[in-house]
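Given below, in the form of structure tokens, are the structures.
There are two complexes below, and they share subunit A, which is joined by subunit B in the first and by subunit C in the second.
Moving on to the complex of A and B:
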């Protein structure tokens, strides 16, 4: 993993921790449907917070894939490479 | 005199209709509005006489609506599951003729009485839909028009669709209030005038959909197996300036087929319903598409529309209206994931929230689309309808 990717991972995890008010060591266990607030509205709130954090905009088709921290990190990395 | 609202964003082409539909809720003083068609970053609007002082506030609110909707909006490719060219040759609006012939009577905004021919056509469509739904072995239910505010609050409907609610009140149990109302209430030509202090708090609303009743019935329960339910009911969605003839009624009739169970079960049933009803629509010679769609969420929750598109949660049957060269949603196929299962605590025997889905057809809209495509003379109707609808 490059330093840049490590930074992305950390910032995604911080955003997730803020969004769902959990501690950083609880982030890995988060997932859509696994946390009471990660429902449809929680998902879209999270997407918009990630977009704001990284200054990007996910296309609609990609939003359905972003259902866990690892998938979000990968998607942000893809966008960062563009 | 017209005023203008400069928008902080340019409205994307595919958001224009939804954006304009929301502007009806900006202010009671707002009489007319239009989005500059090319630039799409400026709204010209006119306020009611005597309310010119509201213009700057209205401009601010229009800009707020634009900003919030654009922030939540993502462009998406429309997914078309079925596309059919209809057999009809008609291209006039059937509603003026129906009114002239005493088959349709407007009582007020979004409120229409229907005569024998329309009723027969709607009854035929409902019979055929119900017959098609038999292959799902649904249990038949009947629900009231009223629905508890508690149910809509638990389902977050109050938050997602506040603009569409129809709240129900009655007079407070207070002898003086009842007597005073009886003495003073008057129709002033536009509304009933009475002292709002005499009205009760809101306990119920008029139901916006049939399936909420079903989910309310099942709340806090454990279901042993996957199941299907069907019911017909009156539904109520206030749509302000968007109300328009039979196309958009405040008060309409919906036949629903509802699924409760595992995600795989609900999705398989939805797919089966899409195929079954497409066959039915083909028999009726209708021109239509079944394609991805969203619900009309209010601006604060508009991101939910993007969520629906991203997860393929909603598909609509959009029937051709040749007289408008537009289409009209006459039915929909919805997958709610475990939203209602979680909101209303409907679980399987392992305590996991169940998924739900529903198929709904608006019978007045179906009748309108059919008549708009085939005309009122039943000699020009497909045999499947003409032979069975008297």
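Moving on to the complex of A and C:
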């Protein structure tokens, strides 16, 4: 993993921790439906926070796929490469 | 009332479809030659012909057009500067066209029209509510690049799997993940397990109770209904009859599909008794509602920032239109949409409300919430006819 990717992972984890008010070491276990606040409404809020954090915009068809931290990190890395 | 019509015992249990699914499961389990993909395709085609009969030509026409469209877009996009953008834009246009065709066709009852050939009146419009949803999902997944363009062989098996013809919805991406286990029920450890047998028995029991309730409802509705009779049907018999029939039916489909080595997504997970509309919808007809959520709710509609209230209204109006483009279903969708928006607003302002009322509201509401949600869901089914009558 490059320095840049590690930074992305850290920032995604920080955003997730902030959004769902969990400690950073609990972030890895998060997932849509696994945390009471990560439902469909919480998901849209999270996506908007991630987009704001990284200054990007996920296409509509990608939003439903971002259901866990690893998927979000991968998607942000993909957008960062563009 | 629409729900009473939907839950009537004669009209709702698709016995032919059930018989065909049981027969196809037994055939595949019993004849090893059919357990190959080509064998499954053969069984799928035969079962689809039996189910669709005079509409078979329309079924082939619609599914064929969608496949040809995906094929052409896939080929043409390779010569474009931005292939993925080109593919996605045309896919969105195709999805809109398909949805409009479905709505127009249903409204004008084009499925009753047909052309005579060889002494049979062939129906050209066979776009039913589950087929349109399956076609939209495959267009979306291929158009977005989520999956590659399927081969005509895989596409044909997927579109004609008998267990999904009347729901539940198996997206193409979910089907593709299971291609290695396709036709190999023995490899799936759950086949014939105690759990599967229990699920099968539970599904059958649910269907039977649903049929009995529908019968009771029909006998009550047969006479002149008092206000109490209407309330009894509206808030107890009809919702449970409808729910048990379809939850049981889809559970049976899940069990039968395992005989082909296919795992179908769950459809119902005890939706009644949930604390709010969000939880209700997260557990009601899940395979279908997840499509509306993924494609319509997770959408910005061209706005810079997603508006969850707007998205909620769009989702429920479209779910209503999917059931039927008429006053009843539009009002049903509007009521659910407004109820959901109210819940969204409450959720966003909960902390403020709880503080101002010292958590009393929340703790009391915890007990009342499942009852209020159930009553609201039932009202959405039974209030629209009254509103429509008043509007006239």
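Here, the second predicted complex is superposed on the first by the 82 of 82 C-alpha atoms of A that agree within 3 Å, B and C clash if a C-alpha of one lies under 4 Å from a C-alpha of the other, contacts with A are read in each partner's own complex, and residues count from 1 in each chain.
The rule is short, and it goes like this: contacts are C-beta pairs under 8 Å (C-beta built on N, C-alpha and C of every residue); 3 or more make two chains touch, one makes a residue touch a chain.
None of the values given here were measured: they were computed from a predicted structure.
On the shared subunit subunit A, the superposed partners subunit B and subunit C overlap sterically.
By the touch criterion stated above, A:59 is placed in contact with subunit B and with subunit C alike.
Using the contact criterion defined above for the overlaid structures, shared-chain residue A:9 touches neither subunit B nor subunit C, since it reaches no partner. Set against each other, subunit B and subunit C differ in how many residues of subunit A they touch, and the higher count belongs to B. Residue contacts after overlaying the shared chain place A:41 against subunit B and subunit C alike.
The clashing stretch of subunit C relative to subunit B, chosen from 62-70, 314-322 or 350-358, is 314-322 in the chain A superposition.
Overlap of the subunit B and subunit C interfaces on subunit A comprises residues 39-41, 43-44, 47-48, 59-64. Touching subunit B in their complex are the following residues of subunit A: 33, 36, 39-41, 43-45, 47-48, 57-64.
Looking at the complex, you find that subunit C touches subunit A at residues 88, 140, 143-144, 146, 278, 282, 293-295, 297-300, 305-306, 308, 311, 344, 347. Looking at the complex, you find that subunit B touches subunit A at residues 71-72, 74-77, 156, 301, 303-304, 306-307, 309-312, 337-339, 342.
Of all the residues in subunit A, the ones that touch subunit C in their complex are 39-41, 43-44, 47-48, 59-65.
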